[in-house]
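Look for subunit A in each of the two complexes below; its partner is subunit B in the first and subunit C in the second.
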Partner chain A sequence: MKKIIALIVIILLFTGCTKYTEINNLAIVDMILLEKQEDQYILNITTVKGQKEENDTGIKHQTYHIEGKSLGEAFNKAEQLDNKKTYYEHLALIIIHDSLLQEDAINILDFIKNQFPKTNYLVLGTTSSTTLISNQFKGHQDIEKFIKKEQLENATIAPLTFDQIYKATLDKEHDSFIPMIRYQEETLSGAGIKVLKNNTLYDQNMSKINYLLNNNVNQIPMTLEKDNKSYFINFDHLNVTTSFRKDTFTITITGDLQSSDVTKKEQEEMEALLKEQLKKEITTFIEMEQKESISTTNLKNLVYLKMGNKEKLDTTYQKSKLNIKINTTWKGETIDD
Partner chain B sequence: MTNRNVGLLQLFSLTFFLSHFFFLFYGGNIIKISGSDTIFSCLLGTFLNIFLFSILLRIRKHKKTKSKNKVLAIAIALIILVTIFLVANDTTYFVIHHYLENGNYFYIFLLLLICAYIISKRNMDSVASLALLLFFLFVPSFIYNMIGSINILDLSYLKPPFDSSFANVIKGALLFSFYTLLPLLLLLFIPYDQVDQKEKQHKYLHLGLIISNIVTIISFMMIGLGPSFVLASTYQYPYMVVINKISGFLVFNRLNYIFSLYLLFDATVLLGLLFSILKKEGENWRLFKKSQ
Partner chain C sequence: MEIIEKLKEKLQMNGDFIFRDLTINGIKIYLIQNEVLCSSTYINHYILKAITTLPLTNENKEALLYDLLPDNSVIKTEKLEEMLDYYYKGFALIVYDENKALAIEAKASLDRGISNSSSESTVRGSKDSFNENFNTNVGLIRRRLRSENCIMESLFIGKESRTKVGIMYMDTIAYPSNVDKVKEKMQKVDIDGVLDSGFLKMYLEKKSNLFFPTVMATERPDRVSQALLEGKIAIVVDNSPYVLITPTFFIDYLHTPDDYYQRALNISFIRIIRFLAFLVAIFTPALYIATTTHNQGALPLDLLLNFASQRESVPFSPLVEALFMSIAFEILRESDIRKPAAMGSAVSILGGLILGEAAVSAGIISPIMIIVIAISAISGLAFSSMEMIAALRFLRFIMMFLAMFFGLFGIYCGGIFILAMLTTTSTLNLPYFAPFTPFIKSELEDALVKFKNKKIKKRNPLLTKNIVRGREK
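Entry: the complex of A and B
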């Protein structure tokens, strides 16, 4: 009996993984860009180039342009690229053109979820040509660097993974959104966020408030004007908590203020100005969302959590008041008077 | 070979893995029924389990050790064979889905069965000893995953109690109880007298069940507070969504899949026990036929 078992085990060891593909025969996908032009679905796939040429430094990428009458057909054509089997396990970024988001964003996201079950890749939207972006940016790293830089410097964009976007589409008390980018005159820039429910595009300022309230950004740069003079203040180490009680949303923001433009004498005044400006922007943002009964933040869910039922949820959400508390501390060196 | 007694800790570990088995493969069904009230269903199910398990243990205490009914013996053997096939099938699909994408189903299936057979080659107490050893590996892996999931907690998808209907919570609780207690029926094949310090065994058995249920509830909480129940319900193996997102410490960040292998311990112990029971029932039947 032992010999039979040993024989079976040995035979099994010889079989190995029968569908195994050598790593050199794999097209390792780094980035995918989806677009629709007229009736054609365009799929731009950026893969990592396996073999380095002489004197090469860094990772090389290769882009493939595939068209199909449907997304399924396009991905089917993409199963083999240059006689290599397409391998999606290292997918890092998906960029979806606005044409697809306008048409049927939820179905596109469902398709992506079924095609790529692992959800750790980033998702962005764009109004620019995906072919242009894929030709200009050979890998996801450059785009990711841009997003992190923008997040740090301007707080107008934040890296969101697929599951963060997808779960909002499934939840009735949340409205999902996708960060948008634009490629124009050889420069990549943030283009706000696209709310999928009603296809609205929020501008950079609204996007900044959205990211703040969702705790997607740790700092917000603010430029204040006073007496024809501009003051740049960095509001960082941010933490935002929201609560709902007695028909009022209470938003509490804590953070540190840092500025080289503000003297010690001016601190109190600038702090008050900053708080006033920020409160105004947040109020405008939330009132706009309440009017449309949209909630890209957690506010509607908070109402539901408090009420315990969905009766009059929308009405309560729309009619709720706002109470914003901003707690700040000045940090770092300021200029003396 | 002489039948050695099963130790109390071994019995505890066996109970733990048997009642925890369903979580990886069938936990998604509870989420689909109860939705955001999955935790309530599990808590309710746990209370039900304690009550029903006490009844099961009483039956076990007074059960006759050797079966003399031919039809019953054949029925038991068939049920065990079908269970072995189902468990091995589900485990193979999971392994292919998450670890060995290019693996051949048949060979992985066969390897699983061979492993289970080798585990069962000695007596039932060796399966129980393996369960104890695996329990000591399970605990640090589970703690690691728990700590790693702190980073992915997102309270913005919390829902009020009974977001789904009360009937769904009850259905979820009953399903939880069914899934947890069904494998524990195999404890009927470990005779009451074949345990060290038999007067204390009920305490250890209950402890195994309760700790297993607590671990399951914590795992469901990690799903609910991490990716959220609404997202997890769209996946066949919801807990793997948490595994995907867990950030480790330094180099462990790349080893998440290795640290998730503890999820297969339940199936290993269950398959080993099933083979062991099949072998033991066969021996008992042969002895009974000889004595006639």
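Entry: the complex of A and C
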């Protein structure tokens, strides 16, 4: 009995010695925006805080603007925000300005990987001012709303996690890229993708094809012109498969077509037009990548898997032919003839 | 008579000592009884009435008294100690010769009758429960087990109390070695008085069993009967409404007698709920403390923000909050049990107000803490065994401290500690965590999930060699 009492007393005395941070002493980081202006690294951190209101619990966002001569210095300054310890476990989004990506994208990604324990947050690049974006959008959910809308309507952006991007940097058969956004007229839109290998920025159209081939989008809107008339067709429920055999890439795309601009009579013609346009776009995209020996899709990896070695990988990849098959089915109601 | 003088010397100073000398046909006989323990009505109407009509002579008095007194329990006794023993057991003593007396059972009914169980309610099943009368308790068991194999061995424990203790078991089912172990332990009990069955528990349990109870105390005769049919041993103690059952396993505390009166599917669900209640009772406050101090990443963001907003104005750490709430709840529970009935529900209402709205409004505790402690405490009350409830309480406190020191890692360590304790605890030298460890497949059919009744045909092989039910040994 004496031993138990002694043990209890010792335990009670130890209660003040534990190293912990209470939930109220944490600054929970929601979003980070990184930028470089001249020689200064700018870090915009958005934190979230639960707020008790009358009948509801609200969320309050707060943005902190921190500058440093290096990223490390900036993050060091950000360790304590308003006497609260910065907490990155719930980080949801990182936006990196193009100025940093142009400088040394891989090192930036390495730095981020070492800084934050988790890797399931989204990463976007931007050509617009991060300070402006952080002031206009409170929290990652606001930004994600715009991105999802853009993804559905235009297929010009598909958010990727840090994990997905970083893995690709380690993979020599696959070139990593970061989706880019642009802030314009109080709204966000897709601004293409930034290929990290050669610092190239693909435009919106190219990035759409990239997302399609990577199965990052479920639908793409296509506008077809015929006889001075525009037809808007939605190509959705997409599924893209790629294979490599006898020096030929075979890309098979299946999906449904929906349009309220196309009559039943015009369906066949529009289908053919769509296929032709899409094939052309894909071919242009792949040929451009082959020329630069870049592969932001799975194509180069297929060659590697087939060959088993990396010696003639680039040559084989560049010389491979392309075979595109598009299978479509018309769905939904069409207008009467 | 010398024996009379000796008896008077021992008993005269008591106010409830009744001494009556009778002369019948010139034969002197003495009636000695305890006014409180004996039924005066019975003695007057039956014993005295019969004695006064007997044609006693010096030669036939012993035979006549022994054969013709209308009582089924007439015992001849010649020793002073025996006479005193019978005197205090509610027997009337008829001293008819030097150092010779007859002890006639004339016990007064000092119990409260058979009533509903106060601590083990039943939804479906018998409502009767044990009371303080030994014979009544044994009778309630024998009503259910009308078999010559149901043995009741009695002994008297307690130097001053000489309490009657009955060890009951099924001769064709229980291991003789288990019965012998229990008898041995009971015979080693050397105390002044056994006022309740709880006194004997500590002699049956191992000292190393710190938390979990290994001897069950029950008020329900159906539970005892079921246990006897399993091969367990019941200990009935006079003046105690709780009968002890040993050996009991951990899984027995998740079972109720009602389990065998309902459909298997319903019972399986309820047992799983009880098991979840066991886990919730131990781990909920600890999980809350760990996730708000060390492992905030384990919570989804919305929940984390919710907790943070609720704890904003609270000046204490989560552990202090939890301890305050837990202790307040225990005080409230204790006062609820002990309070005089005349006080009514005022205490409960006051306690609820204090622990509820007032404390939150004052900023002493957060609303979420009330929910956490309430869920944990209520889950702990899902068990009928007071000892198990106490064990859960201790473990809850230990887990809270571990969570405070080490976060989720502390909880894992605590969980491993509990598992280690369960697997190393023994009950009457049998593994407490059976049928999980050791793995007994047949017993698993009635452990957590109950298979259909017709499938459960075998008894626990740890408790009996007579494994198949419904079969003679």
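Rule of thumb we're sticking to: the second predicted complex is superposed on the first by the 313 of 337 C-alpha atoms of A that agree within 3 Å, B and C clash if a C-alpha of one lies under 4 Å from a C-alpha of the other, contacts with A are read in each partner's own complex, and residues count from 1 in each chain.
Convention: a residue touches a chain if its C-beta (ideal position, glycine included) is under 8 Å from a C-beta of that chain, and two chains touch if they have at least 3 such contacts.
Only a predicted model underlies this, so the values are computations on that prediction, with no experimental measurement involved.
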item: Touching partner for A:I28 - first (subunit B), second (subunit C), both, neither; value: second
item: Greater subunit A contact set [subunit C / subunit B]; value: B
item: Contacts of A:Y20 with subunit B and subunit C, given as first, second, both or neither; value: both
item: Contacts of A:H90 with subunit B and subunit C, given as first, second, both or neither; value: second
item: Touched partner set for A:D163, first subunit B, second subunit C, both or neither; value: first
item: Contacts on subunit A seen with subunit B and repeated with subunit C across the two complexes; value: 15, 18, 20-21, 118
item: Contacting residues of subunit A [partner subunit B, same complex]; value: 5, 8-9, 12, 15, 17-21, 113, 117-120, 163, 166-167, 170-171, 174, 214, 298, 301, 304-309
item: Footprint of subunit A on subunit B - complex, ascending; value: 100, 102-104, 107, 110-111, 114, 117-118, 156-162, 227-228, 230-231, 234-235, 241, 244-245
item: Contacting residues of subunit C [partner subunit A, same complex]; value: 292-294, 296-297, 301, 304-312, 317-319, 401, 404-407
item: Parts of subunit A lying in touch with subunit C, wherever the complex brings them together; value: 11, 14-15, 18, 20-24, 26, 28, 48-52, 57, 59, 87, 89-90, 92, 118
